[in-house]
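Here chain A shows up in two complexes: once beside chain B, once beside chain C.
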Partner chain A sequence: MKTLNLKKYLTLTRMGIIESLQFRIGTFVMIIGNLLYLTLVYFLWKAIFASSGTDRVNGMTFYDTLVYLVLATALYGFMEMYTVWEIGRNIQSGKIVLDLLKPIKYKSYLFWSYSGELLRNFICVFLPTFLVVCIVTHGAVPLGINLLFFIVSVIMGVIISYNIDYIVGTICLFTESIWGINIMRQVIVLLLSGATIPIAFFPEPFKSAVFFLPFQAVYNTPLMILLDPAPSLQTTGRMLALQLIWCLVMTVVSNLFWRVSLRQITVNGG
Partner chain B sequence: MERKTIAFYWKIYRRIMIQDIKSKMSYRADFIISTFGMVATNIAGFISFWILFQNFPSVNGWGYYEMLFLYGFSLISITPVQCLFDNNWSLRINVYSGDFIKYCFRPINLFFYYQSEIFDVKGLGQLFFGIGTLIYAWYKLSLPVTLLAVCKTVVFLTTASLIMISMQNAAAATCFWIQNSFFVLDLAFRFKDYAKYPMTIFSPVFRFIFTFLIPIAFIAYYPSLVILRPGEVPLLSWLSPFIGCLFFWLSYKLWMFGAMNYSGTGS
Partner chain C sequence: MEPVIKIRDLTKEFKVLNHREGLKGSMMDLFSRDYKTVRAVDHISMDVEEGEIVGYLGPNGAGKSTTIKMMTGVLQPSSGEILVGGTIPYKNRSRNAQGIGVVFGQRSQLWWALPLIESFRLLKDIYQIPDEKYNEMLELYQSLVNIKPLLHKPVRQMSLGQRTLSDILAAFLHDPKIVYLDEPTIGLDVSMKSKIRTLIQALNEKKHTTVILTTHDMGDVDALCRRIVIIDHGKLLYDDDISNLKTLFGSYRTLKIRTGGDLASKAREIEKMFPEFAVKDDEEWISVLVDEERAKVMKVLHELEETMTIKDMQLEEIATEDVIRKIYERK
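Presenting the complex of A and B:
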């Protein structure tokens, strides 16, 4: 029975890949958009470091900051799943009733339907960016055992990010509002995860506070593990452990919240 | 056919707007949450701005309050596109489903009627936030408060807002040819983030692109130079009102050209 289970999920992945390949123009425009965004990041931080007078600010050089932000953008481009929109739309249109009746948990159904897109984004967005960064900066990204830890960390990041999305999507059951909630989630995650400005730059009370939130485990932790010039098993292990704790906590919370909220659901027609 | 006057259009606009606001108010929770979302976006933008300047005293000769001025200016000048032209986001859906044909049968300007249908109230939060930021920066920079300066600001803000509007119009109009214009619209919308930085940080090639090809330098940088650094105003700053109008006219023509070639879906 085990193989049959896996097949069910992989079929959804395959469907997602086929579906996402339909929108080639979309992918193309998305890549251009990301490139333009990266030019802004490049020039902005170059100007900032040029006028600061020192090479190193908060222990980060211009190149460190740039590599961090480029990879954070690439990670964001690959992990952003638009699941909140999907949940919200399904609630508004009533389609969610059909999905709830499927012989698969809604949460896994949604995740695996998006996994195809996730895979495509990994190959089309993250991998090329990563290779370019590796080649251009030759040496800024240490290549070694940390790659393995990085992959583990990214997978956990995806899980945490998906659970945050799922909690936010569940809130839509109550509010039937999508745009406002989603935009709030997006700005909070982008700011507090270090994707806009590296967390190392945050002023003190703020910086410590951010480390008690799950958001930094989405982008900051994988990047710290990847870019650490002198990694020690102890620090890496501690970061991964913290991420694992967040994974478990967020999964439990989102499952519980969903179960409680489902009693609340009202579907118009459908 | 007699030409309709501006008063006539204003009357129609007001009626449609009131209906739209009424229908929005019936989803009160959504309205309140969306307004919160808008405010949260602005606060987050401000926080990242603030964090940046906690670490660095200035960027390329631009101090904190000058950058804040640019930031406030760009926030205000992108408000009209948020409030008045939000229906551009639904254009692709209307075109795809065939609903767009209903707009073609009204005896008023097609573009006007389409855009007037939605008035996005939540953009007003951004407007107030922007005005607050601008006034604060103005005060801290101890710029002179004269009638002329205020008039200049209003004129340059109004024309600067046309740039963002025209970019959204042009981006939305692509759906007449490529069906799914969401990504183009989203891309054009993200350009607003570039507007709040001084153009001097870019290399000459990009400065050229952002001035003449994708005119985002006119959203905040060139117009605010007139107020911020009256000693060294480049010619482009004085030209910015005309450039705003020109781009708006071009985007309107493109939009109408697409709409006129629209053949419906047959339903």
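Presenting the complex of A and C:
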């Protein structure tokens, strides 16, 4: 029964959009919270650059850093899926049993249920920030073919991020607690993906090590593609290829881990 | 005809960590490998025919939910055989899912923030229900219970009764062969209970859906099930027609009397006179559960009248509830 029925999934997207629009205040609070965080980022890095004495730290000017971080925050605001919470809550409440009894894979069910919100966040969080950054900086963001690559890269970033979340969520099947695990995941992803500190700032052996992990492919790669002042097809291509590899690896790993865990659970009960 | 559900020697064992007490014990538990095996379901066999409503009963923790989880394919049996509609549920969970509907007590599968109709539309697409079947079903629902006012109401604003009703309708929406209802009437008021019973009955008749119903409410059983299956400690205690149940334990009747004076002390007296019968008392009545094979009710009443003045009396047929309690307690 391998019929590719797209309608099944798009309905979930539709539901997600309607549902997320139900909570208007939530949307506004999210935008305000985002602005507050950006203000904090602005002053923090301004202080860092002021105290360094030069206008270039690690090859990045204050402006570069700020643009990078503002966009990283916007990207984070749009891509963070709270999958782990969802899985954890479903496990604790037992609702997961009902979801497992749908003729649709749990992983797809969850992803597509969330996709509506993803779309909303893209429009309400990322797009406005992006436009503001473009207008305010006039030209810090090169506009051209890189936008297309950026979008491809963001989609792959979402897939990688979702798979990381899904693996962590699967661990909840065993621990039945969510909070600690999720905080740990959040910190690791935020730090190693470049969402809080540009990866260019990392000290050397650490920096190279980070490039061998999937996390930087979530936020850093799309941003590098977007912000590269002198893009060459070769470097972009290499980055996208690496991302694609991570996409495939993480998908396979998370599917496998889920299947093995689920078998474990169905054998031992939970 | 081939049964829809075929279960042979079904057993499910769980490994449970032996928890120790206190702070030190909890710390040690972190590294403990001291497991004990708990047998939740113990060699159960039964067949369920198409279109039956089977009441699946047992005290809390008897293994009912575990059995249902195995039937739906969420749990894998430790041993034994289980066939639902000719397939092994845990091996073909997706395929099995298409043919079943589930309602688990207070958990809802509906989208909390959205009007009911959106959840229905989603189910329509997930189960790939054709338009005409879907509309047919909605019309049927409309004729059975008035769902129009519910359809556009967000689920979170519904009362518990309305939500349960909606959940049951959602479970039947894709016209499944089997529907599992796990305590569907829990926490509902009398009129809602009866509404839900009527609905289940009607859907069972119209769609010929097999229904497996677990409940603690004997009203549900009396209203819906012709056949009941009782399990306790994972073992099958009873599997037969509900009408045979009452004769199984002889013909019991409850004699209720009201006397003057202190009811409790009178009850003790009666207990001494008839040690073979269960005697209970509340503020108003003393009730004696009389086994008619041992002594006729009239004879008991006669003897009682000689020792005390009886102001009032009632005679009650035994309720299913009492019989089932007797089965539970027999162990």
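Operating definition for what follows: the second predicted complex is superposed on the first by the 261 of 270 C-alpha atoms of A that agree within 3 Å, B and C clash if a C-alpha of one lies under 4 Å from a C-alpha of the other, contacts with A are read in each partner's own complex, and residues count from 1 in each chain.
One rule holds in what follows: a residue touches a chain if its C-beta (ideal position, glycine included) is under 8 Å from a C-beta of that chain, and two chains touch if they have at least 3 such contacts.
The model shown is predicted, which means the values in this text are computed figures rather than measured ones.
A.B. asks: Do chain B and chain C fit side by side on chain A after the overlay, or clash?
C.D. replies: On the shared chain A, the partners fit.
A.B. asks: Determine, under the contact definition given at the top, whether A:L38 touches first (chain B), second (chain C), both, or neither.
C.D. replies: A:L38: touches no partner chain.
A.B. asks: Have a look at where A:V97 lands relative to chain B and chain C in the superposition and call it first, second, both or neither.
C.D. replies: second
A.B. asks: Based on the superposed arrangement, let me know which partner A:K7 touches: chain B (first), chain C (second), both, or neither?
C.D. replies: second
A.B. asks: More residues of chain A are touched by which chain, chain B or chain C?
C.D. replies: The partner with more contacted residues on chain A is B.
A.B. asks: Using the superposition on chain A described above, determine whether A:F202 touches chain B (first), chain C (second), both, or neither.
C.D. replies: Once the two structures are laid over each other on A, A:F202 reaches chain B alone.
A.B. asks: Check the residue A:S52 against both partner chains and state whether it touches chain B (first), chain C (second), both, or neither.
C.D. replies: first
A.B. asks: Is A:M15 touching the first partner chain B, the second partner chain C, both, or neither of them?
C.D. replies: second
A.B. asks: Calculate the angle at chain A, using C-alpha centres, between the directions toward chain B and chain C; round to the nearest 10 degrees.
C.D. replies: About 80 degrees, rounded to the nearest 10.
A.B. asks: Who does A:M184 touch here: chain B (first), chain C (second), both, or neither?
C.D. replies: The first partner, chain B, only.
A.B. asks: In whole Å, what is the nearest CA distance you get between chain B and chain C after the fit?
C.D. replies: 6
A.B. asks: Please write out, lowest number first, the residues of chain A touched by both chain B and chain C across the two complexes.
C.D. replies: In chain A, residues 23 are touched by chain B and also by chain C.
A.B. asks: Note which residues of chain A are touching chain C in the complex, please.
C.D. replies: Touch residues, chain A against chain C: 1, 5, 7-8, 11-12, 15, 18-19, 22-23, 93-95, 97-105, 263, 266-269.
A.B. asks: In their complex, what parts of chain C are in touch with chain A?
C.D. replies: Within the complex, chain C touches chain A at residues 12, 14-15, 40, 66, 69, 72-76, 90, 93-95, 97-98, 100, 102, 104, 107-109, 111, 113-114, 118, 121-122, 125-128, 154.
A.B. asks: Residues of chain B touching chain A in their complex?
C.D. replies: 27, 29-30, 33-38, 40-41, 44-45, 47-48, 51-52, 54-61, 122, 178, 180, 182-184, 186-187, 190-191, 193-194, 197, 200-203, 206
A.B. asks: Quick one: in the complex, what on chain A touches chain B?
C.D. replies: Answer in residue numbers: 23, 25-26, 29-30, 32-33, 36-37, 39-40, 43-44, 46-48, 50-52, 57-58, 175-177, 179-184, 187-188, 190-191, 196-197, 201-203, 206.
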